[in-house]
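Each in structure tokens, the structures are laid out below.
In the two complexes that follow, subunit A is the common piece, with subunit B as its partner first and subunit C second.
Up next, the complex of A and B:
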């Protein structure tokens, strides 16, 4: 008897929680969970800016509904808090969408919640392939390490490199990158002579450089999270004479993201990376995106892949709203954007109907100094790359 | 061991008598009300803030964790920045068990407790010969090692992606862990209250009094035939069990375990919350946790972009104006309000 009472009570709560979202001509709330303070605040700041740019261009209303963003700060990867914040957003703020998520565990933590509440969650960044497998209500507008690495590894093989070495930070994305590079490069006929995993917080890279030198590899695939470690790594690469020895450097574009370029300076000049967005991308969509960015925030120097991830993420949310008429049914909303194609500032993109991950062009870029400013100049493009890591397991 | 235990009661009162008024209030009868009071206030919170159960669940689990730190710091004087090692071990043990073996929440808590106790016993036996700053460094080292092991053992722990897929069965087979968090919260609150009762029983037992004795004067305890190190290691392991249960509770209620649960910053945060509430009281740990996490939540919700500055000011305010923590401040306030009756008590002991 108590259980029936409980069920009735719960049912009532759910009905109110879900019903509120379906109200007509109302405010549709989107809860954004991201780091807005602390060392990773750049994620939250660029998300916020990307959202603001989208709303400035496309307005704040979809049909009769006003779209409002509610920001929740999660200063570092902390899945328990991520879940509590999502719970609060769903139950208290009655949001119809969740969005944001800089780190993988934070996104994973909300999977059971969005399934129970039946609301979609749009991932602006978190890049481990496995995330979208955890719930059919996840849609991702960013990238995965597999997506960026596979074309790069093929490119390295095509250059005639026979022996390569990987050096990655010892955490999820780094290991993803290592696995993707190894699998692709060996399939293309090359050999990975050694795989180095470096501690995430390491700043002394001299011993790793020695290992790279001694390995006899012609090229190194490196991945480190954006920030000071990358700077130290790039410096060590130059200082230890690897460049002179003719060892070529390749990596995903996180390491030369735009806000870090001034700090990285000449150490990264000439570095070849593969990525889905460069500020220097030549297209009308990107030009107007950057112009709006500059108009709103005074400068577009910080516009980077996370801003575009958020921009496109909001596009997905707007489309879901428009196609479902604001009715809160997470699965139907996700269904509505499956296969959706549009022109993003990064280039043409499509939501893959199976993985619900964004299919996009991956560009091969080189860091160059243009008009006194460092930029990632796109040299080559690999169109319509899917998430190669989807359903590959660990 | 049993001989020292029976020796302990006569030594303990002499050792703790001067400190008793500081550790417990002069009217020490009142301290038993702490656990029921937490239960009642927690239940009140359940009705007053029905939309914040997710946060309150985290507070309850964190309070148990800070309580475990109070057992070692407040009652044994062990300066540690390694409590997260036990918390995280408990969380991961419960999480791994939930993914591969069982999913009954109570069994998971037990697994977390055993795991936390075991790692505390193993590391405590190794490092507790040191004191002061050396010990502090060793506890940090233990946390780093545990974190690195968790990071490396990706097949088991998920590494930096976190260990997900923890889907606990309904409590007692009846109450499902739902989205709103009712079950989680009441479950966590019940565990916290039971934890407080057990902790109180432990610190008031002959063993607990002996630990206080070690804190006050280890040489004297040794001279009286007790083994200070044995007491410390035992209490360290007991506290490890508490931390492990708290970790398991977090794993069960959030359904995921991340590397943050074995991080240095989580250890340090426990210390901040404990000092904020007041050490050596047990309920001070709960007060500190509630105050810190509630302030954190409210400030972060009001201004998600600059709240850290305000929480810094809040902490400085407490340290400046409430030395000894919030609990000590409350006690001084109570003493002042009931001036005459209590005025005689401190006078009596002076």
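Up next, the complex of A and C:
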């Protein structure tokens, strides 16, 4: 009885060992943590769409390996839950890459885990500069507030604006934006007369508008995360007579992201923003990206910076796989994409070898109505902008 | 002086919007004694119907508003006879909360599935765009319109509840259902009508308030605290109380945000705490309709 059992067990062990050894063509799993439900579901949806477009264009295999995406829903910024999900993905699903991350705290929380498991994490969105400092295994395919704000602040100063005011949402990226604008604008000889931090949950922006109006500033730099509050903010800006008073609006492009444009309507017409991706970007790469988007999802109206963040993020993952032959060594994989350059739908991009953040062209755009549809038309470009906030400390 | 005037005007405008989106809850919570946490969900349904009617069928604003109110009432009436009827009365507060929050989740998920997570808008007619000048201060025309609509709703409700047979019967049925029924008042019908009134007002608020509280699937949960705050401060069931509370909170919030923006929502909640500390039952508990 015991011998048969032992033989059976041994047999089973050998069988698994042999099976594992024979598996040349493996399935490589990528765990994506993002909001797929709840108020920020637009992030998850556009991530998913970006990934699907990339896989439709470049196939689902790298070499002999099949790449499979496993999605985990994290409906709002919740670092503890993010860590738990990452752990589950690493231990149970045996993922070789982590990806996604809409919000800064969620990305920060997984730093110790990816170091311990030695797997790379590709950030599709979270935009605070400090993230990539937390682990050498982070690579980011999105943008940072510093990256978008520094060229914008220089542009505002060049327009001859002397006095500006900032109004930002009171949380990590907003404060990054405020700091970046203040530092750059004051260095260029301007003065920031007041800095307003608005609660994330604000509904009525009229009092802030009144304060901006009374401050005597000629221009306002504003940052709010893409979502419902941008609508109320843009409406309040249009309705409280700030334009008539000659106060110019500037801000990162989150406020005029493509899926929100139809709802924002004429309130944002003529607004100037700086950003790394516009659906209206003129390039062959973007045209074929949008064509594939339309083919897969019926419409490319929702294609926005988060879809491109995911699309380029998957490109990084595919490149890491191709260059390391699927061997699971996170550091080597990250090493393989350092300095990597390619043509993204947003324009030419490079992974900065130091910050592991994406170096890219930042465009100055104005909201215009073209053929009855609102779009962010690119007016000027600042090529090869790095993350100015890297290692600046807080 | 000009600043004070500006704060007052913005505050009243914000307060009136708070009033118009909360008064429906004041009716269900105060008059029917149902803790209707699905109020925000009904408001959202109204807003989505108006948005859909205006954008897909090209209905004008007024038409979309009427359609939204009617369709929301029609869609929620079956809920009254199927679900709400079972949870009327003081003894059922926990079931009320559980049922209505569950209902809210179902509505949120359905709206997300049907319309997607992006923002929806209700296009304003030419007439309501732009601004109107009030002395040295100008406010958006739409807000002026909401202030007028709020005042009309306030007077209309007061007349309905205080000056009509319906109001008298309703108050009787709420105070003592058994006695009212014994006197020949058909309480079931009365409750159904009041429920319809409550959801109709919710839909109205959802449509009129959409400029300030943009429509997206999480609307139902995001703003429920705001609605509950207004009703709690005003005193459940008092229409004038809700108006006073909405104005007080609106003005406090506006003044706080203008003068010390970095304190954020502090003044709103500080006012809430202080008022409830002084008047635990709200401003006008049981004094008037």
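A few comments on the model shown:
We take it that the second predicted complex is superposed on the first by the 371 of 394 C-alpha atoms of A that agree within 3 Å, B and C clash if a C-alpha of one lies under 4 Å from a C-alpha of the other, contacts with A are read in each partner's own complex, and residues count from 1 in each chain.
Please note the rule applied: a contact is a pair of C-beta atoms (placed from the backbone, for glycine too) under 8 Å apart; a residue touches a chain by one contact, two chains touch by 3 or more.
Note that the structure is predicted; figures quoted are calculated from it, not measured.
When the two complexes are overlaid on subunit A, subunit B and subunit C sit side by side with no clash.
When the two complexes are overlaid on their common chain A, residue A:288 makes contact with neither subunit B nor subunit C. When the shared chain is aligned, subunit B comes close enough to touch A:112, but subunit C does not.
By the touch criterion stated above, A:239 is placed in contact with subunit C alone, subunit B being left untouched. By the touch criterion defined above, A:27 lies against neither subunit B nor subunit C after alignment on the C-alpha atoms of chain A.
A count of residues in subunit A touched by subunit B and by subunit C gives the higher number to B.
By the touch criterion defined above, A:341 lies against neither subunit B nor subunit C after alignment on the C-alpha atoms of chain A. By the touch criterion stated above, A:38 is placed in contact with subunit B and with subunit C alike. Once chain A of one complex is fitted onto chain A of the other, the partner contacts of A:92 are limited to subunit B, with no touch recorded for subunit C.
Taking every C-alpha atom of subunit B against every C-alpha atom of subunit C, the smallest gap after superposition is 5 Å.
Taken together, the two complexes place residues 37-38, 41, 170 of subunit A in contact with subunit B and also with subunit C.
The residues of subunit B lying in touch with subunit A in their complex are 51-55, 57-58, 151-152, 154-155, 158-162, 164, 167, 174-175, 178-182, 250, 253-261, 265, 300-301, 304-308. Subunit C makes touch with subunit A in their complex at residues 3, 6-7, 10, 13-14, 17, 109, 112, 116-121, 123, 131, 138-140, 142-143, 211-214, 216-219, 222-223, 226, 250, 253-258, 261-262, 264-265.
The touching residues of subunit A, when paired with subunit B in their complex, are 2-3, 6, 10, 13-14, 17, 36-38, 41, 44, 71-73, 75-81, 83-88, 90-92, 104-105, 108-109, 111-113, 116-117, 128, 130, 134, 170-173, 175, 200, 394.
By the touch rule above, subunit A contacts subunit C in their complex via residues 37-42, 45, 170, 196-199, 201-204, 206-208, 210-211, 214, 227-229, 231-232, 235, 239-241, 259-260, 262-265, 302.
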